[in-house]
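Both complexes below contain chain A, partnered by chain B and then by chain C.
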Partner chain A sequence: MTSSPVSHTRMAGLGPMAAIEARRLARHPVFLVGVVLAFVVLGLIYFLDDRAVLGDGMSIPVIPAFFIGLTSLVAMARLTRSTEAAVEAVATAPGTEARRTTALVVACLVPFAAGAAFIAVLLVMATVRGVAPQEWWFGTMPDWQVWSILVALGPVACMGGGLLGVLTGRWVRFPGAAAVILVAVVLISRVGSEPLAHGDLSELRLWVPWAMFHSGTMTDGTQVLFAGNPAFYLGYVLCLCAAAALVAIWHDRTARTAQLRTAIVAVIVVGLACLALAMTTGNEDNLTSDPIPSQISE
Partner chain B sequence: MNAVELSGVTKAYGRTRALDQVDLSFDRGVTGLLGPNGAGKTTLLRIVATSIAADAGEISLLGRNPHGSHAEVTAIRRQLGYLPQELGYPSDMTAFGFVEYVAVLKEWNDRRRRHVEVRRVLDLVGLGDLATKRVAKLSGGQRRRVALAQALLGDPQILVLDEPTTGLDPSQRADLRRTLSVIAGQCAVLLSTHQTEDVAALCERVVVLADGTVRFDGAVADLVATAAGRVWLSDEPGPDALVSWRTGTGRHHVVGGTPPPGAAATEPTLEDAYLLMLGADARSVRSPA
Partner chain C sequence: MSLHWWYLRRGVPWLAVLGCCAAAGLLAGLLARWPSSAGVLLPAILASCAAAATFVFDERPVLLVAVTPRGAGWRRTARLAVAAVPLGVWVAVILARPGDLPLHRGGWSLIGLAAITLTAGLAALSSRRNVDAPGSLLAAVVALAVISPLIVNAFLGLDSIYPVDGFGRSVWVFWSIVAGGAAVVSLAAVRPGIRA
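What follows is the complex of A and B.
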């Protein structure tokens, strides 16, 4: 007789299971392609741009959000669904669906780490090459705003894509669901924010899961920093991430406890509060930079 | 108390009654479950495996109630191995990876001990050399053995096997019988199969299920004995035989009905007895040649 395992807490085995899921995601071809493309594009920006300084640093987080976040969505949705093929066997093991979902949620730290690595490389590039004095960046705006924007629109967006994939895998069952959700999230983020961004009510754009804070360099060489409080926006997207994770766990009927219900409601309430504060505090209006001579279009 | 005790168990899917007042109990050893398609075998197995709940009746697994608290169900599942009839696999997982995944779900949290256990069960089913191969690239029989390996993790006290020999070649089936015969000394095995040879080779006890009810529950030899004097070898097919077929020798194996002229009685097999037990249902199990 072999000895039987001994750890009997409700979330026992979460660490090993999360490690397995993290390894699976890190080896997933869709995710790998996304990560490679993100860094290739960053490299192209650095090496092919012949300007003396790094431009549009605050816009660059769109690259990991697009390549890593969206591929994480697809990869995590597929990973989540893939083990359901063996549900007859795994459902009769002591480990519950909630535990499997939690492990997948923890594995979303992999895209977060990839997004963080991307931002780290961006910061190194900005340090090496420098940025224009007029650029919206460290020194021209409060550090906490810069960090909030970089973190919210980079690593957190990457993690959010993965979590949305887990949510999709648990709740949306039709073939191609991940692709549909991917298109929907891109459309919502663009259509729901861009028409508002340059208007008087720019802060209303912040309801979307990925909202611009930086316009990129305009044809006259100026840059626009959009209204709103990036720190509270970071809080808002973190709450969206938490809500995605908790609602994915809610799919397991045995996990539908009063505690989980309270946690979901609390996250929603805090998220809405953060959104309200993101819209009503911070920069009241869009701010336009001085023209950056090196970036004025001919 | 037996490891598994079911009393008056009933389960319906809509208007279809899959199980109707089933009483069954068994302990260590292999209990064979025979029955035609739609007899309720898989439903019964899934209930014993805690995969689904019965609508009515009392169930005790290892002295615990599978309809009880979460803790009660979890305690049962720690001692349970289940091989479902059909099992899909994540396409990216190797044989080792898949069994390890289930091992983690079965709370083998220590990495070193878990890996030892995964290798043990893979060796037990003869897949030690193929552990690093993706499950998607294994043959049907090899995949079946991966499924069996996950069921054997941790030496469960109750082992529920739904068609374990499907897709296995004769030598693999012989290997599986050898493995199960070793395991059966330590746990209660419920084996559902269409292969009467497997039951004859492995089980000391057999349960015949048809239309959701138990038609027979007893020793294999007792089931075979019910067919004594009702099976013949003949030059002609039986005119009113339950089933008859032409064998390789050119003679007809006649089961049930009246013996054709010149027929010689022959030793019944478990399959003959099973067919006779099913009566008219047997025609859907064994089509005459």
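What follows is the complex of A and C.
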């Protein structure tokens, strides 16, 4: 099977454009500050914690999701809008809007890589210092669940922030749109899940784009692993990412083909199926760990 | 006075400023309905009010108006006064105590005064450096900065800087320092002269 000359040319042009957008994102001050802050906070957690072991490792991915993911949202929204400003000014911008959007989407692999590096450092820290035997981590729960949670709530959340920024830049035009979306994401993720997490229907919290699976250590030294299937939740958030990318491309009227429409519908259907499976399989109830003696408050 | 009003009515992007204030009002409504979520909703309201203040200095022809006979100082002082609008919204929310929360009115007013004055001052400084529309980026950065303590403090074992049930000494000190910094930034922004 050979690719057509047209598709080959299209892909050949996309690579350099994506590389340019990736470099623009990697040099964006807001993104850089976010990445630095994420690693600084991780370092502070490691060096300031007086415990002999690393604690709450499954909660820590909220840090890259916040600092890298949300700064990627802000930076990508601005980069997306800036490419359109160039079109208005010069009217000879390379490629179609859909192609520029695709290049921006590919650039979101930069925050994914930053999130993956963060998780890698976290794993090294956990290996060096060790974790408490009661901690929800490798050994006390299936490895696939740990990997799914770390990947979904770390690198994929970082990439999702960037993709949401592209979507915002394409579709939302009012001043301060990125700020509004940012606050909305935080509110939805927290207010939409926290009240449900400790109840009987804990798995219903999984509809939010960043759902916690680990409570953190509580005052009695125990930790709660919330209900649901992390592997299907990973599938759900990946579908959210794909949907954001495709709907951003859909903004270009010339790109609204039957193929793209089918792809969007397929991603939505698969995403909803993953969400349903995440809620109905995996751990049926919240699981409470044995208390970690050193973490019991006096 | 009428000249100030005429200028502000036409020069300030009221849609963005009042849109953020409306978002704060909406969030206050949610807080009244679900006071148990005060820990995240109060900082979100603060972020909305602070974001409103960042748009006060958005002015596309900043390079042109900076050298008008009336002077840059007159323009900056007039615009800085608009930050009183989101501050008024914040104080109204705190005085109303949505959801009957036991909020310390003096303390929470200080939080709003410090955060909103600081963001307006930063926007004024950006304008002084000929950034014509600092609002969009600054609003997002301010929202991140206001919300970030919710994420970080628990991991680092720090006291919350948004205490719903009583202000400790460290919280007073922290916000007093922020308020002092905000005053310095604002004074630096409105000092006489055209450029930074």
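Here, the second predicted complex is superposed on the first by the 279 of 298 C-alpha atoms of A that agree within 3 Å, B and C clash if a C-alpha of one lies under 4 Å from a C-alpha of the other, contacts with A are read in each partner's own complex, and residues count from 1 in each chain.
Here is the rule we use: contacts are C-beta pairs under 8 Å (C-beta built on N, C-alpha and C of every residue); 3 or more make two chains touch, one makes a residue touch a chain.
As the structure is a computational prediction, the values presented were derived from the model and not from experiment.
In the superposition on chain A, contact is made by A:Met17 with chain B only, not with chain C. When the two complexes are overlaid on their common chain A, residue A:Gly130 makes contact with neither chain B nor chain C.
Once chain A of one complex is fitted onto chain A of the other, the partner contacts of A:Leu182 are limited to chain C, with no touch recorded for chain B. Shared-chain residue A:Gly199: touches no atom of chain B or chain C. In the overlay built on the shared chain, the residue A:Leu70 is in contact with chain C alone; chain B does not reach it. After overlaying the two complexes on the shared chain, residue contacts for A:Thr83 are found with chain B alone; chain C is out of touch. Within the superposed three-chain model, A:Arg190 lies in touch with chain C and out of touch with chain B [touch as defined at top]. With both structures placed on the common chain, the touch criterion links A:Gly139 to neither chain B nor chain C. By the touch rule above, chain A contacts chain B in their complex via residues 1-8, 12-13, 15-17, 20, 24, 27-28, 79, 82-83, 85-86, 88-95, 99-100, 254. Considering their complex, residues 13, 15-16, 19-20, 23, 27, 30, 34, 36-37, 40-41, 44, 47-48, 51, 54-55, 58, 133, 135-137, 139-144, 147-148, 151-152, 154-157 of chain C touch chain A. The residues of chain B lying in touch with chain A in their complex are 46, 49-51, 70, 74, 77-80, 82-84, 86-93, 97-98, 100-102, 104-111, 113-114, 117, 120, 147, 150-151, 154-155, 186. If you check the complex, the residues on chain A that touch chain C are 30, 34, 37, 41, 44-45, 48, 56, 59-60, 62-63, 66-67, 70-71, 74, 77-78, 174-180, 182-183, 186-187, 190-191, 194-195, 216.
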